[in-house]
Amino acid sequence: MSQKVVKRLQAELGSAVTGTDDFRGDDEVFVELGSWVKAAEFLKNDPECAMDHFGDLTAVDWPEREHAGGARFDLVLYLRSAEKKTRIFLRTQVPDGKEAPTLTKVWPGANWAEREVYDMFGIRFAGHPDMRRILMYEEFEGFPLRKDYPIDRVQPLVEYRDVDDTLKLPPFGIEEGQPFGRIDWQARLEGVGEQVSPSIGVQTGERRSLSDSEIAEEQAVDLEKREAISHKTEEAGASAPSE
Amino acid sequence: MEPIEEILTEDEALELPTEPMRLNMGPSHPAMHGTIRMVLDLDGETILNVDIQPGYLHRGFEKSCERGTYAQVYPYADRLNYVSPMLNNVGFSLACEKLLGIQVPDRCAYYRVILGELSRICDHFTCNGASAMELGAFTPFLWLLKVRDWIWDILEKESGARMTHSFGRIGGMAHPPTPGFKEDVRAILPEIRKVVAEAEGLLLKNRIFLDRTQGIGKLSKERALALGVTGPMLRSTGVAYDVRKDHPYSLYDRFDFDVPVGTDGDNWDRFMVRMEEIRQSMRIIEQALEQMPDEGPINVEDPRIMLPPKREVYSTIEATIAHFKLVMEGMKPPKGRVYSMVEGGNGELGFHITSDGSGTPYRIRVRPPCWYNLQAAREMLIGDMIADIVPTFGSVNMIGGECDR
Amino acid sequence: MGEVTHDSKGQLKVLGGDLPVPAFTTKFDALLAWARKYSLFQYPFATACCGMEFFAVAGPRYDVARFGAEAPRFSPRQSDVLWVVGTISQRQGPALKRIYEQMTEPKWVVAFGTCASCGGFYDNYTTIPGVDKIVPVDVYIPGCPPRPEAVLDGLMLLMEKIQKGVHGEPVSVPPAKVLEEAQDRAKKRTGNDAPRRIEK
């Protein structure tokens, strides 16, 4: 349905379009970061495209691509035309530490979306009128949706009470969450040997699932080794600072 | 005493110079739903500028999704828009099914439509009731809230939970409809109609209500589109964009219903659009009840996606293994990324799934309708009075769980 | 004179017998507690999903007004009970603490729902794992969200607690094993073992 839009964009931008995709009917155009704003402006102002309805802007973190020498982040823009009832996705790659150009001048709706991308991924937008954190607080360090930010690292604003009044203690503790399927991205990225997860079992530097027969074999053979590692991780946990 | 206008002549206007004042509102302000902070710059009572600060209910939805299987996203998805959880359930199911390239049986699709529309009715009732309450009309609030309990009774009977159902499954629903489902729904529809009429009777001729909604919080069509506004808020400005009509998903192309639109994009239009949508939802439900088959499968028959029946899990080794693999590893969709959207309670609710081929989603992004609607609230508020924040913000229907995720 | 008796819980005791007028005697504290427990002014700190069930409790079907606890006061200075309804994020923490500090004694806190009690399944970088990490909690109501019946049960527990006074025994004690585990945890927390990475 929006193939025409894809073709027009390709004709307009030429070699800046690095590829297209239509997986499950979602037409997507990959462009270079340099023509990000140009592509957006064209989509909005071209009467054939008329993408006047701002949809969404988000990012995806690919740390492994960065290890392989590519850019770390994908920026994904989703647009819609109210008149033509067509939709299109625009995607570009942003290396870590590099600023992306802002789209707030094209669609004011990109304002909060870009602030969120900055807050969650740490991609700054050049020319954005108000580049502040939006979901997290100013004191927060790091960018939580990056794969290497551990999901359970909290940075409290209020110091936790030291509860020793057992009469007021709840029948559960703070560590009683649901430790299902934790993927240790740090271990995976740095390749620091193995890490034991309570539900998945041994995780090696690569991400492999349980069905992998190799892992099953490893688990059977290296039982001793695994116990040694779990012992080690316990020790590591014990020596971590309490606050 | 004479009115002040008569004392003053044209050229000696009464001047009470005020200095601009900065005022903080929220996050624990009752009208801010506990999760929004507004920093207002005021000139007297007129709002010069407002900085809306969301994020007080950021619960890490997207990060949490990246550590479980696809099925484990359902409870989180439920708690996005907690006023209409079933719509989120259905939305996430549809996104996963799009990723897998499957379609659920018709009976299931009808079932989803009916449950989803019931949720939408709940959503609009809660929004309109709460905005009326914030204007001081407590009776309509209680009046509309009782409908929610009726609908929740049906949803509880079907799913087992009053509001956070986790009832959707990838490729179906957790249970087939209960035997009395159609009768239950048919029984409450006339009652809901009655309540809608009664609530309108209570509110629509009330001078206070009219004054505080008509012409307040206006938004233009072009700005709404550029700001990414969707749902009832966009329709109130005159753009007839409804995902159910424009990009029909599930079976919405089989139903005959209208998309109500407003003209001014003010609070009154938003209120009336929601009221009319309740009626349209009931029309859809009635047609769906007529068309829904009483017999037939609910789930797709694919052991790689659906859990085997409990009975077989306990009696055959194949089913036990399939169950184990599905629970521990989850279903494995192909590599790729999809965007699937439904018309949620507040607009276009999209799930943007990136899959790396494993049983855990690589990244799930929700396109939260509230997020963009709330962003537009700034433009609606500037220039209005400070007291207009309450009805305007109420009619935006900001749902913290969805906005901040 | 009639015989003056107290029931062991300090409840009101109506005296019958040969008194000229119907009368009752009680301890002053017990009378005060009795008065307090039936006129609770609540501060609903409703942030998330549980707020919907909180509406339902206030609504016509479950009608919290039967317990004299229906009047919401949106000023912490005028309220007795702080209902923490819903997830409290780290960012929300200072606001919650501030509100609790502004309330006048005697004050009680109810953790409504799993998120307020222990963080629930939001065990991640942004959620406070239970509001008792910030303010002391008197009653925990489990459920995600709790049914209105559970909420009313929690409210009645709170009323019982108020009647017993501040220094009374807990009204509902978790099993001994749970308590032991909790003590162990508390001991661990003060030691070196940190289950969560907390950074300042």
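By written order: A, B and C. Residues from 1 in each chain.
The working rule: a contact is a pair of C-beta atoms (placed from the backbone, for glycine too) under 8 Å apart; a residue touches a chain by one contact, two chains touch by 3 or more.
Note that the structure is predicted; figures quoted are calculated from it, not measured.
K.L.:
Enumerate, in label order, the chains that touch chain A and chain B alike.
P.N.:
Shared contacts of chain A and chain B: C.
K.L.:
Any chance you could check whether B-C or A-C wins on number of contacting C-beta pairs?
P.N.:
Higher contact count goes to A-C.
K.L.:
Between chain A and chain B, what is the separation of their C-alpha centroids in Å?
P.N.:
25
K.L.:
Per the centroid of Cα atoms for each chain, what is the distance between chain B and chain C, given in Å?
P.N.:
Chain centres of chain B and chain C, defined by C-alpha means, are spaced 31 Å apart.
K.L.:
Just the number, please: Cα centre separation of chain A and chain C in whole Å.
P.N.:
A distance of 39 Å separates the two centres.
K.L.:
Where in chain B do residues touch two or more other chains at once?
P.N.:
Residues 55, 58, 60, 63-64 of chain B each touch two or more of the other chains.
K.L.:
Going by the contact rule already set, what residues in chain C reach two or more other chains?
P.N.:
In chain C, the residues touching two or more other chains are 91, 121, 124-126.
K.L.:
Indicate the residues of chain A shared as contacts by at least two other chains.
P.N.:
Residues 136-137, 144, 149, 151.
K.L.:
Please give the residue numbers of chain C that touch chain A in the complex, ascending.
P.N.:
Residues in contact with chain A: 90-91, 93-94, 97, 111, 117-119, 121, 123-126, 128-130, 132-138, 140, 169-170, 174-175, 178-179, 181-183, 185-186, 189-200.
K.L.:
Given the complex with chain B, which residues does chain A contribute to the contact?
P.N.:
On the chain A side, the touching residues are 23-24, 26, 52-56, 58, 60-61, 76, 78, 82, 85, 87, 89, 107-109, 111-113, 116, 120, 133-137, 144-145, 147, 149, 151, 180-183, 199, 207, 209-211.
K.L.:
Spell out the part of chain A that touches chain C in their complex, as residue ranges.
P.N.:
Of all residues in chain A, those touching chain C are 136-137, 141, 144, 149-158, 160-178, 237-243.
K.L.:
Quick one: which bits of chain C touch chain B in the complex? Just the residue numbers, please.
P.N.:
By the definition above, chain C touches chain B via 44-49, 51-53, 55-56, 59-61, 72, 74, 86-87, 89, 91-92, 95-96, 99, 121-122, 124-127, 144-145, 147.
K.L.:
Under the touch definition given earlier, write down the residues of chain B that touch chain A in their complex.
P.N.:
53-55, 58, 60, 62-64, 66-69, 72, 98-99, 101, 222-223, 225-229, 239, 241, 246-247, 325, 328-329, 336-339, 348, 350, 352, 354, 358-360, 362-363, 365, 367, 371-372, 375-376, 404-405
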